[in-house]
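Below are two complexes that have chain A in common, paired first with chain B and then with chain C.
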Partner chain A sequence: MAVRADARRQPPLRRVPARRGGGWLARDHRRYALLFLLPALAVLIGVIGVPLLDVLWLSLHDGRGVETGEFVGFEHYTELVTDAQYLASLLRTIVWVAGTVALSMVLALAVALLLNRLPRWAGLLGIVVLLPWAMPRVASGIIWKWMFNDQYGVVNWLLTSLGFERFDGFSWFAQGETAFVAIGTASVWQRVPFLAIALYGALSTVDRAVLEAARVDGAGSLRILLRITLPMIMPVLLILIVLSSISSFNSFDYVFVMTTPAGGPNHETELVSILTWVTGFGLLEQGRAAAIAVTSLLVLSALTAVYYRLSREERT
Partner chain B sequence: MVLAAFGSSGDGGTAGGTESGTLEIWLSDWGPEYEPYWAQIADEFSTDGVEVELRFVGGNDAHQQYVTAISSQTAPCIGLVGNTWVPEFASLGALRPTGQSPDDVKEQYVSAAADSVTYEDEVYGYPWNAAVRALVYRADLFEQAGLEPPATWDDVVDVGLAFQDAYPDMYGFGVAGGGQWYYLPNVWAWGGEIATQDDGTWASRMNEPEAVDAYSFYAGLLTEHGLSPEGAMNWNGGDLVNAFSQNEIGMFVAGNWDLKSLLLQNPEMESKVATAPMPSGPAGNNATFLGGSDFVIFEGCELPEKSEEIIDYILDPERLVEITSQLGFMPAKLDALELESTTGSYSSELWNVFPAQLETARFVPTTPAWGGVEATGELVNALHAIIGGSAPRDVMDDLAQTMDDTLGDG
Partner chain C sequence: MSRRLTPRRLLTGTGLTIMTTLLVVACLFPFYWMFVTSIKPEPEIFTKTPHLWTANPTFERYGALFEGDFLQQLVNSLIISTATVALTLLLAVVAAYALARLHIRGKTVLLVVLLSLQMLPEIVLIIPLYRFAIDAGLINTLIGVIVANLTMTVAFTIWLVRGYLVGIPIEIEEAAWVDGASRFTALWRIVLPLAWPGIAAAAVQGFISAWNELLIAVTFLREEELKTLPVALQSFFNEYFVDWGGVMAASTLFSIPILVFFGLVQRRLAQGFGGAVKG
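For the complex of A and B:
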């Protein structure tokens, strides 16, 4: 009865003619909706639910290789809290996410503003800009690795030609910091296109009349950008930041392809994703690897919750 | 395999001719140049109700494919597998013992290759291809500068520096900091051991002084002596071949396959290169790793005798040398190796160093967990840490600790 009382208080979204004792469809439509949803639901449970539970289960065991191993409870998790290697990789990943997301958002915004200024060229430029995004990351990773090669790489050649002599034969992958510069460049190059196109879409929804009005009132370009354009696209901007943080946290391919051994030199580019891989497929410690994966899942779930919230606010 | 089950005439048959069904051979060494050879073998043995099927199982996931096949009991009859996988597969109970004694095998094959098929005093395979490293240098430039190839690792430093004095645009020695195979054997040359088994338990010995010194010395080639560009800390075999062919380095440690690909890509180099044995370490030996591949017969094979027949046929010395000479690799079987190095493609002065080097070649520790040790990347990370300036002792203590964790899983 309570439900009915509620329903009466709120105006219905759409007026559905109430037919007392109406057709089977109206009476059972909830049940049928469920029936029609079942196939999709089964697939989702199969491809997401089951593996997820499997990883959780595995993380509570001392699995080696293909064996599930003995049940050890939360031992892997309590170990992780004090594990220097894990904590270092987590910190590294956070810095990596912050750095690459900030840089790619700024660049993407610049590209989007440019596209917005050149509406006639936007179509063509859009295609050109999308190319890096469409390229397989392993392939582009190998190309970037070559471009940053100490002896034959075009990056060192370019920097040396510009007068930076110290880059003659400079080894980018000899230290973690410079290796991250190389990997980060590749990663930012890859993700800017998608962000730029999305931001361009958002920019085109900004009412030109508002911008005109501001200009008439004497506002400069920078002021218009900071006070009008950015606030108006803020919801989209925030959603993109969250989405791109999620994908940045999961970065694996560029580090894997560009460093020797993966995460090297000497663990200095070891992100959590790489550590998970090394633990699971190098050391074959499946249980511990599963535990690391679950901790990553928690971080990503938190980010996803933020995303969900933001996108709901965006719709209303 | 289903077909084989129906076609098989009981428990493996009494004579080779009574077995029938499908006989699968999985090969990891492949390429257009191998195709006619294997096609001919398949034809030869596809008779009397037996059909030989060939499958290429190569690339980075070859190991994974075998492990999956073993756990789902769909492994082939014959596999030509990387020799470091044999102890692992044997420990899983996946391989059929050949019935030979380890001593017999030692007499027939290159010693380290015999080790590769021996697991816990039982023999599980037939070594096919033996691969080994030696020193390759620029004979033309060495001669002009009046230099001799180094005989010891200390000489590598002296000769390398003298080479750099004579050719200021080049580096003296190609360091391969990204490829553990290029410096891990130095632990033996320094008188140490990588890992040894005691009372059935494997333990790392990489934190003993010999191993620490061997690693420090190799790091020093780069940091102290500058015998390679800084980026060489990530170099691997392919990078060495590149650098050498680009006139960037004067000498490097090269596998016989490295030299082969160098000359295939740069035929003009043939008149400029020469080879010398691996430099010796302070312990007086120049031990190096044995690479290569072994034939194994899997436990579930329905046609074991036919499989043995095929392998015997392939390993017949004259027939074997025909293919090794044509394709330019070394047979692991001693009678064939003898032929290969006296009359085959390894008989020339340039190539003769490799068969000789096989005598001092050693096999990786024969623990099933060795693959895991390699896969962690820690053997490379340790060198990188020393190059990066960390205290060698601490680095090697950490390495030994990680290795022990992994070896304990075996």
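For the complex of A and C:
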């Protein structure tokens, strides 16, 4: 898209004498480029560029409360490397990303294949499937928190009536692992729709003649899926995996909404994003929080680089 | 294709039906449960065996919401979301035009940077944004949240609208230039009306992300009557006894505007996603 030759043929037919600086066309473009781009770029620099520099700057300072404080070099970073709480939250975040991305990709693929098998219903089903994506994150976190309620939740009732007696009054939010089951359910519920519809789009580009040929040659459904369909949609699949890893790594709302205090019980659901917020605004150690934010920035830059690599390969 | 009823076909047919039913229930049940909980009488909410329906619906909780700060918080959310979208469009549409039509040195780099900015989460920027807001006296103001919201809407909108503008044939514009229209007039009179669907889609997306925004609002807004709805919904959990009926009523009202927007754009969304992934 970026290489579209869009500037080649569009001389506004105005009589401007050709002079230095590339002639009237170049100058016309330069003038409007400045006029049109400058406001947006100025705002982006103001609300993103400068804050990025500030977070780097602050991470090298003591930074208690809103004071920048004295220069401490890389002290915050060297402390983080040995800080059990930070390392635990980083490990937790990695497991969270791997778990939610894997689960939501598998479910999304299943939904996409299902839609693909039901072409007559795909339109209506597609709308129903997209609905969870439309529910505000905060509302979805709250409703799932209610459904996972220990005494009155519909999840415990369902599990108990299916014969799993130990879920009678089971408190999902009393320990980290089970709290993540509830939080993960809410998050996956909301993220599958987008992925499923995107994968469905990819599936519909797979050439049916190829599938028919394989079937004629006696290949079974599973074999066709693994050997033909999946390889053909692999580029899209990989891009979606990277994109959802990024958004999963940034997850904040669900943990913040579903646990009280945020990241509880006993820090056991504290993802790096939550730790950043708690350190910066709960403990008011903003220098340290800035250092955590910078480490997240590094992770995200790496993921974004992978995304570019993949999407460039996809395009060529 | 033959439609003979073999056991195998029946099995896959039944399997498909069961899976489809499960899928539909999984997608819709939380919506239903949210609403039905909000209209149940208290004893039917706090019971071990859930009542799937209520014979005695009550809408009292909705009335009670509006006796508190809820209306003000709803208005706050509307102001912030609308203003965020308006400012974003003002900045982004002309920038998108420049990036779609004009020859600009370093354009590719700029586009890559803009795309990368979308990967940047609020949590990385929230500390400096908070510090700047304090310096500027914008803590506990709606304006502070609106400005900070631009971090997540502007780059995205530029990309979306640019993608749309690139698809509009340049010949239409050229015809206007021949008739003596300036670039600005052509943009305003010819290009924008044609790009309207793309701009509307970007506006809806911007509104939704501002409506959902939690992190900036929860950090910036500390007073009850300034809070937006996502922040206000947290207040229900500060009590020792959580009023689940009340929080479900509030969540329902909070979700309705987004669901209405979804209804308006769902057709475009379902089509657009496949293409959006490929950039």
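Just so we're on the same page, the second predicted complex is superposed on the first by the 275 of 316 C-alpha atoms of A that agree within 3 Å, B and C clash if a C-alpha of one lies under 4 Å from a C-alpha of the other, contacts with A are read in each partner's own complex, and residues count from 1 in each chain.
As a convention for this text, a contact is a pair of C-beta atoms (placed from the backbone, for glycine too) under 8 Å apart; a residue touches a chain by one contact, two chains touch by 3 or more.
Please read all numbers here as calculations on a predicted model, not as lab measurements.
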item: First, second, both or neither for A:281, with chain B first and chain C second; value: both
item: Partner chain(s) touched by A:198 [first = chain B, second = chain C, both, neither]; value: second
item: Chain B versus chain C as contact partner of A:151, first or second or both or neither; value: both
item: Chain B versus chain C as contact partner of A:174, first or second or both or neither; value: first
item: Partner chain(s) touched by A:28 [first = chain B, second = chain C, both, neither]; value: second
item: Chain A residues touched - chain C or chain B, whichever exceeds; value: C
item: Which of chain B and chain C A:260 touches, first, second, both or neither; value: both
item: First, second, both or neither for A:36, with chain B first and chain C second; value: second
item: Touching partner for A:86 - first (chain B), second (chain C), both, neither; value: neither
item: On chain A, the residue positions that both chain B and chain C contact, one per complex; value: 66, 149, 151, 260, 281
item: Partner chain C, residues of chain A touching it in the complex; value: 1-4, 6-7, 9-10, 12-13, 26, 28-29, 32-33, 35-37, 39-41, 43-44, 47-48, 50-52, 54-55, 58, 66, 110-111, 114, 117-118, 121, 123, 125-132, 134-140, 142-144, 146-147, 149, 151-152, 154, 157, 189, 193-194, 197-198, 200-202, 204-205, 236, 239-240, 246, 249-250, 252-253, 256-257, 260, 273, 276-277, 280-281, 286, 289-290, 293-294, 296-297, 300, 303-304, 307-308, 311, 314-315
item: Contact set on chain B toward chain A in their complex; value: 67, 71, 178, 229-231, 233-234, 236, 243, 246, 248, 372, 375-377, 380-382, 384-385, 387-388, 390, 405-406, 409
item: Complex contact set, residues of chain C against chain A; value: 16, 19-20, 23-24, 26-28, 30-31, 33-34, 37, 45-50, 90-92, 94-95, 97-104, 107-108, 111-112, 116-117, 119-132, 134, 147-148, 150-151, 154-155, 158, 163, 166, 170, 173-174, 177-178, 182-183, 211-212, 214-215, 218-219, 229-230, 233-234, 237, 244, 247-248, 251, 254-255, 258-259, 261-262, 266, 269-270, 273-279
item: Residues of chain A touching chain B in the complex; value: 64-66, 149-151, 169-171, 173-175, 259-267, 278, 281-285
